[in-house]
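Note sheet for the following structure.
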């Protein structure tokens, strides 16, 4: 409460890299983070430019979107917005480089434990799940429950989200292609690699890009969307700069037009 | 045809590491591999000991199970056998070390292309898909269509399959636990890490083990099964030795009780 | 010969990334590369800006310095120039990421052969050896024979050269420090980390920097110089751009002020 | 002191994995480790079977040899024993996988700091230096000062030592070959790959082998010996088991005939 009063009175605008201001419904924050929220009436917006750009322009507090959530929401937004998939069918299976686990020292992040190894963690309970659900509801207007499973890849940086959803009846591949074009056609930092394409985390390393490719499985009537970002750029600091540029009325790409480093 | 006649007459028994003898319905082989099958009337069995042990004992030709398929089938078999999941709901999202791609030299497998990188490949079209479907049908008696997505992890060996399925109504977690115990309780090379456990590819590296852990997401009513094998052992040569031991009437673990190497 | 005549008549200036124009004495080229040299009378200069800047300004043909050689020569130049080390005592033990081996497909560069592995190659016979010797002679005026040993590190890019030499009698640590300052004090792309410092390949990844640190072992009376570059930038393309800028009369850092990417 | 009295009275024999009992001259231990030694009159032996086998048989306290030292001493022993190299000319440039740094959590060992990175550490001051010098003196009877430089390779396990020494005049390559044969011809865990061969850490991974290859540079009159071990086996626990077998009068290879795991 105190925190909130103080922040509201400060003559500054805030981009918060933590999770506190990511949720419009603070009871969701409290349920997933197991702490009371201290600024329930904050005027805040979710800091994912491609979805909430207009709200970000004048926001006082921006809750910068998380890394897995950025990759997941950007992958699914066109399909959810145009109501092309069954809302209860979404599964996000994602994998991150180790920098996604932060700089804290834990035995589980010790080099020999992770090198030449692959594993899942926080199955069914990762805190990025409700962020994804909130954004998909905002985008599509429909309550959405998502399965989200993160994995650790023995590499430094990069996230790939592999997203599954059941396509509604009579929706063609061309309609799906068109949805991606419509929603992202003018975006600076979304690169549509197209249908049947394979984004790779290395294609975006060091850059603010989100690369998207999608595949249609006619046998199972599912669409599989692949989404790659650099978790340390578009998934964190780059996103914050992008939000800052929008909030400040600057050109959105200031300081962000850095080419990926390959190989 | 010629091949078949010749093989049938040979006074030997065969364990084939290729895909030719993995399918009871050779039209499925022809559809996914795009070549005519030359030995359609072969008396063969699928070489996955935990599922087809009795048939392997007397088989003349054993089509050794593939790597992704071994991890996937062993993960799902207890649930399919006891009819605990919706058969049309299965998604297998798997990841393999680079040795799974063979020793052939391709730019895509060149070290700098793969290192510090993560990507999917063959989405909706990987040839291990029909193998998984065939075994699940054999086990559960029901036609099953599966979404299978492989990924490449920058490591040498190891496969982790993350399998999703919708739990049928009124099936409790304890029933699921019991199914794994019943089906695998006496198996030498299946290690049941239990509910809420996290298999890691490094836990099985160099060994013939398949480690299994499972998680229940009450929000989405899905079960997520994690399955780890060493693709070069339980996923290939080790499996062949296990099949050989069974076919020869030997103790099944001869030459296979090698501890995993960690880290 | 033909090649030479044609090149000499072309109204262009050339920066060659191959080894053909790296040697003033083409018999050395012929001895180490086992092919006849076709342009023996070429007017060329060795393309290592920090050492040959003045010659590069007006050169028609610039033989861009190799990757291991750049790291090695820059490490040793101050000591050789100021005659602080015994010329017959130099050993360069270096290690490179796999991109240093080029994009050619060889089993030895296949991912599983190199991952989680470390090895030397071309001991006593690597073709970068005479390049190092030529430059050290140019710098110090003295014939110098060097032991050069390259190793392969399971990483994408980066070279670290660990250089050993016996310090001449009565040369103090401060004199050594001063030599580095004098020779490189004004250089844009040399970062002197100082005595007792540890350059890391990751500190220079993606950049045109060469980081240098040096250590004095009083017990053995040797100096050990550590030199880190990104083999794909300062060791190849970045160096070519730097040479181009000098040759064209541009500001030397055009297009090269890119920060390293870490981690 | 107390410690010593207690240990001496215990009716057990001890294999110590720490450094306390590695030195016959405890003042060397005190100088390099900066702590007083508490058991100066201990009857101990250096636990490197190939060199001190006879002493190990009846030892009460065995100071198990360290990892870098094992690789280095085994590489140089034949040349030192047969007086083929200049004793003041030895340089050991070595590299280790990260498990060599232990399980302690330090930011410097955090995955993203080490992955895709290569660096040296403890130049001129690594505590394995005096161990190497002690053994070489024991073997050759001559005081020897060594330059030892360790590096960290982004891999889990394995050490490669690249050792340089000046060959004495008129010593032929054949004499050098013969020295290796004479000293190691009957050894179970030394594999002589031969002159011009390239040991790789992966060739010994998971095994108790030490692989040796050597090269002669006629231009510089130096021999370069390459030595590979698995630091967690021949460099630590495997060595301890080998010492135990000898001390207990068992067959020396009990529990140690494990094949390396490749790839």
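For clarity, chains are labelled A, B, C and D in written order, and residue numbers in each chain start from 1.
Heads up, the rule we're going with is that a contact is a pair of C-beta atoms (placed from the backbone, for glycine too) under 8 Å apart; a residue touches a chain by one contact, two chains touch by 3 or more.
Note that this is a predicted model, so its numbers are computed, not measured.
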item: Distance-maximising chain from chain C - centres being C-alpha averages; value: B
item: Pair with more cross-chain C-beta pairs in contact, given A-D and B-D; value: A-D
item: CA centroid of chain A to CA centroid of chain D, Å; value: 50
item: Centre-of-Cα separation between chain D and chain B, whole angstrom; value: 43
item: For chain A, residues contacting two or more additional chains; value: 97, 99, 112, 115-116, 154-157, 205, 263
item: Complex contact set, residues of chain C against chain B; value: 97-99, 103, 105-107, 109-112, 114-116, 154-157
item: Of chain C, residues touching chain D in the complex; value: 88, 91, 93, 95, 97, 112-113, 115-121, 123-124, 145-147, 149, 151, 153-158, 160, 162, 164, 198-202, 205, 215-217, 219-220, 222, 224, 226, 228, 263
item: Interfacial residue positions of chain B with respect to chain D in the complex; value: 99, 115-116, 156-157, 205-206, 261, 263
